[in-house]
Structure formats: C-alpha cells, structure tokens
Amino acid sequence: MSMTVQHGMLPLERRQAALRAALPWVLVALAAFVAPFLLSSGFGLSLLCRMGIAIVFALSFNMLLGQGGMLDFGHAVLLGFGGFAAMHAMRAAGAGLWIPAPLLPLFGAAGGLLAALLGGWVAARRHETAFAMITLGLAELASAAVLMFPSLFGGEEGITGDRSDGPALFGLGFGRQWNVYFLIATWAFGCSFLMWRYTATPLGRLANAVRDDDQRVSFLGYDPARVRFLVFLLSGLFAGIAGGLQALNDEIVTSTNVSSEASGAVLLMTFIGGVGTFWGPVLGAILVTFLQIALSTMTDAWQLYDGLLFLAAVVWAPGGLSGIILAHTPLLRAGRGAALVGPYAAQLPGLALALAGVVWLAELGFRLQAVRNGAPAGLLLGMTARPHEIWQWAIGVALLLAGATLLHRFWPRAKMAWQAQMAATIAA
Amino acid sequence: MSAAATIPVLEVSGAGLSSPDGAVAALAIRDLRKSFGPTAIIKGVTLEVAVGERHAVIGPNGAGKSTFFHLVSGRLRPDAGQILLNGADVTGLAPHVISRRGLSRSFQVTALFGRMSVFENLRVAAMQALGVGYDFIRPIASRAKLNARAEEMLELTGLAARRHVAAGALAYADQRALEIGVAVAGNASIVLLDEPTAGMSHAETDRAVSLIRRVTAGRTLVMIEHDLGVVFDLADRISVLADGQVIASGLPAAVRADPAVRVAYLGTAADTLS
Amino acid sequence: MSLTLAPILFNGLVFGLLLFMLSSGLTLIFGMMGVLNLSHASFYMLGAYLAYTISVGLGFWVGLVVAPVLVGLIGAVVQRYGLRAVHRYGHMAELLFTFALALVIGEVVPLIWGRNPVRYQVPHVLDFPLFQLGGTDIPAYRVFMMAVSLGMFVALFTALARTRLGLVVRAALTHPDMVSMLGHDVPRVFTSVFGAGCALAGLAGVIGGNAFTTQPGMAASLGGIVFAVVVMGGLGSIWGAFVASVLIGLLQTASISLDLPFGRLLGLPPAGSDGLLADLWSLTVARAAPAVPYLLLVLVLAFRPRGLFGSRNA
C-alpha cells in the first residue's frame, strides 16, 4: 500500500522508481515459474495450485479488511458463487458450448460480482461491527440458500464437471495438473497485479480513507457507503475468480465452498500474513495453505491449532507476519540485526516448551476420544499415549507452564532490545 | 414564533462586508431547529454570512455551537428551518452532497485519516474539487493537477517536511494544521472550522491564526472559537449563540458592547471582552 | 390446528426465555463496552458441558449452581487477560478476538467431550409429564426451565434497579461516554459485567443443554439466533432483547413444527419436478425457518440499525 511512485521527481528518478516497483513482480513471476519444477510431485503440484487460488482469495479479502476496514465474515460466499457460476459454465462447455477452460474464471468473476451486488447492496450501508454482523448473517443465508435450491447448487453433493470436456484453446488441454498449475499461476499473477494497481487509484485511496474515518470522507464530497459498495464489488469480482479457479482445479463445487469455515480460513490467512501491507496476505495464503494441508495429514487437531494460531496472532501479533517483518526492516538495513539475535534466541526454549505443551495436551485429548471410540490410543512423541492417566496430562500442563514462565521472564528483554535498536536506528 | 422576534438581535451592517446589493449570502440560515428527544438544542437560529466574510460563532459551553455546525454540514438533519448555500437550498441533504456544493468543515476532535500519510490526507481531500470520481482504473499519481494541489497544500500548512508521516503519528499542533489543510484542500467556497485552536499553546495559536488567514483568503469562513483573542483578531463579524439561539450578531465592536451578550454569555467575567 | 397451538405457544415461550438468558448478557456487554461478543454462545455450550460433567459425579442440582459460576469465572478471565489486552487495537480487534475464541472453544469442547452428543439428562425428579396442553404432554422440566428463566429475569432487573453496580450499568447504557466520570473502577465493572453475562449464558446452557442436545454444534446453531435477537431488540436494550427473544422463540418453535411445503401451504399447483420453482414449491417451512433470524438480522442492521425496539444506533 505504500506509495511507490513519488512526485516532483526527475524523469530519471521516476524511471528508477518504476524499475524498483517492477522488481518484486519480476521475482514473483520467476518464483511462480520455477516452483512447479522444484515441487513436481502430485502432492507438491496440487499444493501449489491451492496456494495460487488462496493468494487471489486472500488479496481480495484484504481489499476489504486491511485496505477498506471492512471485516467480511462471509467472504467465502463470493468465492462459492464464483465457483458455482464457473462450474455451470464448465458443464455448459461439456454440453457443447464454446467455452475454453482458461476462460472459466471469467464466469467465476461474474458469479462473484453478482453475489457482491446482492450482498453489498445491504452490507455496504454500514461499517465496522454492523458491517461484520451483516456479512455474518448473509453468510448463513447463503449457506441455507445453497442447500434449499438443489437444482442450482446440487444440494449436499454439490455439482461436478470435467474441465477437459470443453474446447481446447491454442491446442491446450487441461487434463494434466501441470497445465492447470500454469493456468492458475497466470490468473493469480494477473489478478494480484490488478489488485495492487487498484490500491494506487482514487478509489483505492478512498477505501483507505473510509477505513480510517468514514465520516470525514463524506465531508470531502464522497459517499462512504458508495465507496464501500464499489470496493465490495471489486473484491467480489476477484474472489469470484478465485472461486472459478477452485472449480477448475477441484472439478467439484459444494456447499462447503460457501461455508463459514471457508470464510474463517481466508480471515486466518490474511490476518496471519498481515492486513497492513499489500503483500502480507500473499505470505499468509502460502503459509496457512501449507500448514493446513500438512497438519491435516498429520493430526486430527489441525483445526484447533488453526484457531489457537489465529487467537495468538490477534493478541500478540496484530500486524501479522508482514507487520513483524516491517518492524525489523529498518533495523536490518541499518545493520543492527545482529544485536537482536541473542535476545530473540533466548525466547526459543520458552516458545518450544509452550508449543510442546499445547501440542501434547491437544494430542492427548484426541487420543482420549479415540480410546473412547474403541480405537487404540497409539503413540505420542514416541511414548504410548495413556490418556486416562492423569500424569500424562500433568506433563502437558507442566510443559506449558514452564514455557509460559520462560517467555514471561525473557520476553521483556527481547522487546527492550528491539526498542533500543529501533531508537538507535531512528537517531542515526 | 422565531427567536429573532423575541430577542433583540443586533443588526449592524458591516460596511463593505455585508452582501452588495442583490448578491446572495454565502450562507443563509432561517429559523433552524433541532431537538434530541425532548431536549431542544437549536431553538430557531437565523443567520446570514456574506461572501468573503470571516464569521465567528461564539457562546458558552452547551449553547449548541457544534450541533449547529453538524446541521449546516449535513451530519445531522434539522427538524425545521432552512439552510441556503449560495442561494441554493441544501436543507437535509447528505454531507457529501453539501460538500460538493462548496461547503467543507473541520472537526473539534481531530478527524484525519490516521494511517495515511500527510500527503495522502491532503490529496484525498483535494480530489473532489478537481473532478476525480470513484475511479479504480487510472492511478492517482498520474493526475498532475491533483498532485500539484496536494503539494501546494503541503507548503501552505507548513507540513512539507512531514509529508510521509502517518497523520496519526503527527504531533498535536501538526494534526490541527493538517485538519485545517484537509478542510480547505478541496477549494470549498465556504469553510466551517470547529475550534481550530482548541488545546493549543500561545505560540501554536499564533501560528494557527496565521495559517487560517492564509488558507481562507478569498473564501467565506465560519468558525467556532473559544479563544476571544483569536475571534477578535480574525473575525469580520461575530454571532453569539446562547441556549440554542442567536442573541447577537454584528461587528466585533458592537457585539463587545452589547449588554445582552455580557449578561447571557459572559456573566461576571465581562471584563475578558475588553 | 387450534388444539396444537397451545403447546407450540408454551414451548415457544420457554425457548424465548432461554434466548433471553443469552441475549440479555450479550446486549448488556455490547451496550457497555461496544464489544459484540461473538463467542457468547460458546459460553452457553460450556455451561451445558460443565453441567453435564458435574451432574455425572454430583448430580444435576450441584451443576445448576456450580456450572454458571465456573462459566462466569472463565468469562471474567477472558475479559481480563484477553479482551482488555486487545482493546488498544480497536473494536475490530476485539471482534476478531471473540471470533477466534469461539473457534477455539468450538475445537476444545470436542477434544474434551467428543464429537458426539453427550448424555446430559433431565434430572429424574423432573422427568415426568406435568400436565397436558392441547393433547400434548408438557414435561415438568419445561415448567422448571420457565421458572428458572423468570426467576433470573426478576433477579436481573432487581440487580439493575437496586444495586450500585446496576446503577453504573444503566448509566453506562444511556451515556456510554460518561461511565469513567462516575468515579468507578471502570475496568473492574467491565470484567464483572462480562463475567456476569457469560454466567447467564452458562446458566442457559445448564438448563437448555438437557432439554435439547448437548453437542459441539450447539453454540453455532444458537449463536446466530442470539445475534439476531439482540440486533432486533436494539443493541444495548434489555427490554428490546426481551421482546425480541420471546418473538423469535415463538416464531422458531411454530415454524419448525410446520413441516409443510410452501407450495402446498399457499395452495399453489406443483411447479414441475425440477428447477428453481420446484425447489421453492417443495421447500418446507421447517427447513426455511432456521434462516429467518439471519434474514431479520441482515434487514434490521441494514435498514433500521436502531433495532425494532431500541433507541440507539448500532
């Protein structure tokens, strides 16, 4: 969101500024191109596809939350409607209509836009808590509606399609995941660039202004409700594209695509990545997608870990990852990073112990459920889990307490060290 | 029964200041009323401000000055009465519509875009007047006139050195200066300033006064102000609002001499006027 | 129809009063602190589960007293060490905090008590039909629920009218900016009110958990209805919450018992076997009913943010 092109510059400076602005995009494009060669397994490729979709979805979410101050608890509705629209188009292509697969996300965009028109018409009238509550209600209504009209949404089973049924464009078929990845990556790159470009337009700036003080905006001659509505539409458009890409990737769209879990997931990604920067949600989308897929194959408790991670971020790191990074870039640039290594490393034992305690307790809980259902308790960190024995719970509590005590004791030092280095950097 | 009929209102024509023959007032308010539940706050205010005039609204706390500004700027809807802006009726219109008709305002409690830079605050404030709509295609940086206007405002407000600082991180006096800058960046013909010097030190107040003089040159100014030094320094005419009514309106000297003002507004502290 | 109306009215009233137990606390917390506690229904769920665990060892009556107190304490701790910490980041952060908390409680509960419903049962002494209403047996426990709700209702109003804390709370509801001037330890008042609101939700869980089902989805299914109630009642208005609770309680109970397709209800001819119209025709009132509170929530917030009975804007 920071201004990348300054005013009152000479042409040469301006060209240099433009180059500096373009560099991250070139690097991102390179990374997106190279990634599938490094992660070429089926699992790796499908992970990359999900990341690409999640990036577009999270960026569209942050158009509302971080840039516009709108907390949308039902953002997955926009994604889901895009998905359903793209899926119907995919089926129409299968039935003989000339719709090549690469263009399916356009139908997703239309679906997302339509949903945003309906939802934005009511939600954009309000801001802050009332806006959030309206989106919460709209999300529930959409979930109910999806199940109420099986002829349109396929009921519980959802609707399925085959992306390779449609006509080929330039001889490109999309049976292979490899091709699907490059399709998703291209769309994701294009959408990200457009969303970035939007932040530097008058509407993008008005959205920031509405976020900071919506009443003041109205005294500057702009209707804040209209600003919110337009931003909501644009956000819906991009969320719809993400939904279209998801339909293309999964070849199935169900009511879970519009569910409150899906809405919660994008909130988690965006918040973990950081709402205060443009690129924060990108980081969050990559990290959380990876965590969710990795954790869900490893443990039944992954949703609990998700929730705890979110809660911890809200309390301790409201700026998310990008906030943490931004808090350190000036120090690192000034070469003061070394002074922080010690104080930060001192947090590791406490952090590790606390984390181990949380994981121990959560896993023990799930073993308890397994035992109750007649399954074997299995192993826990190499030991046989005995969830009915109190001492095993005591271990978890002890780990957690020990970690918390260490963090409580050593955290102020890290904070002071950071403050001291920051002060020194500013002074210099 | 309008308040004007029951209370003797001073009508001293300010030579050279009141509207020339036939010219419409910049702001004309007729019998404005507003109640909150059973409590009447504005009880029939009638007021005219000529084009180019600097008009101060003074009065004791709770007289309804801020409510009066909220009514004129469209934040609150009046129960009765009429507000004419350059002769056009704007009563009950939305704030953004009134703003587009050429009226802008500042706030008593600083209302800036806290996470945006000083420069961005001024640029957003200048957009409307330069015909920029809810545009999401053309980058804002490519609008030469808009950027020039924002630069000009940076210089005028003396905040050029702080252009990249987030408005929320500015020192108080700088925030107040930016508050005034945001109010006038849009080139409004009528500017309402709500206690522009509130909470300032003596030196800061002096700077604020000269800033107000600079940026409101050629505009109509209506300001609420508690600092009578500032009022007598800046204002061409003064209106005294007490208990939701205008009890006096006229040239500073006449208002200063008005016994009704001394009783209603100043009470025992009448000597502060002299 | 008229014969079956009486039990519907009765059960609707019981449900409505239960809703009020949740909505009164939620609306008080919002009115005072401006925080919409999205985890409020999670405290209802905690009340039910804690009461279940206590009732297994010590019986229902101990749970009736102890579980709400425990839930209230948990609520107070959450306010003191969680909400108060994020307060400086603004209302959005507070909203996010309660949202995240609801997620976590929603995952911790099945971790401790399992994903399937637990056998939290109505106490034996109250497990009999007390009387008949329109040909339907009315269980004694429902009458007991009503008595507890009414008792709590009286206690709440007495506390608000007679105690010093109640005075501060009422002052805060009408003049939210003035509380700090009353010379009270405002943070402590906030913690108390938050804890008390959670305790009320916990009590609702104790007496509602066994009348309905105690399962991990119970918070989510009731949460939306409670939000709709407080929004309809006008955020911060106790009386509004009361009226809206009873109204929604009646509406929900009545519509759930109407297992009729809309098409037949309106006397329309069947609209084919496929397509949107056919879906609409065969949609039963009972299936559409759960969406109604959300529809009301959205419409009220968008078009009448004061709520139907409240006087302040959301």
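Per-chain numbering from 1; labels A, B and C assigned in written order.
In this section, a contact is a pair of C-beta atoms (placed from the backbone, for glycine too) under 8 Å apart; a residue touches a chain by one contact, two chains touch by 3 or more.
Because the structure is predicted, anything quoted here is derived from the model rather than measured.
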Reference chain B; chain at largest CA-centroid distance: C
Central chain of the complex, centres being mean CA coordinates: A
Inter-chain centre distance, chain A versus chain C - centres from mean C-alpha coordinates, in Å: 31
Computed distance of Cα centres, chain C from chain B, in Å: 47
Separation of chain A from chain B, taking each centre as the mean of its C-alpha atoms, in whole Å: 44
Contact set on chain B toward chain A in their complex: 73-75, 94-96, 99-100, 104-105, 107, 111-117, 119-120, 123-125, 127-129, 132-141, 147, 151, 182, 186
Contact footprint of chain B on chain A as seen in their complex: 3, 5, 7-8, 197-198, 200-206, 208-209, 211-213, 215-224, 226-227, 230, 234
Partner chain C, residues of chain A touching it in the complex: 69, 71, 73, 122-123, 125-126, 128-130, 132-134, 136-138, 140-141, 144-145, 148-152, 260, 264, 267, 271, 301, 303-304, 306-308, 310-311, 314-315, 318, 362, 365-366, 368-369, 372-373
Chain A-facing residues of chain C, complex: 34, 36, 82, 85-86, 89, 91-93, 95-97, 99-101, 103-104, 106-108, 110-112, 114-115, 220, 224, 227-228, 231, 274-276, 278-280, 283, 287-288, 290-291, 294-295, 297-299, 301-303, 305, 314
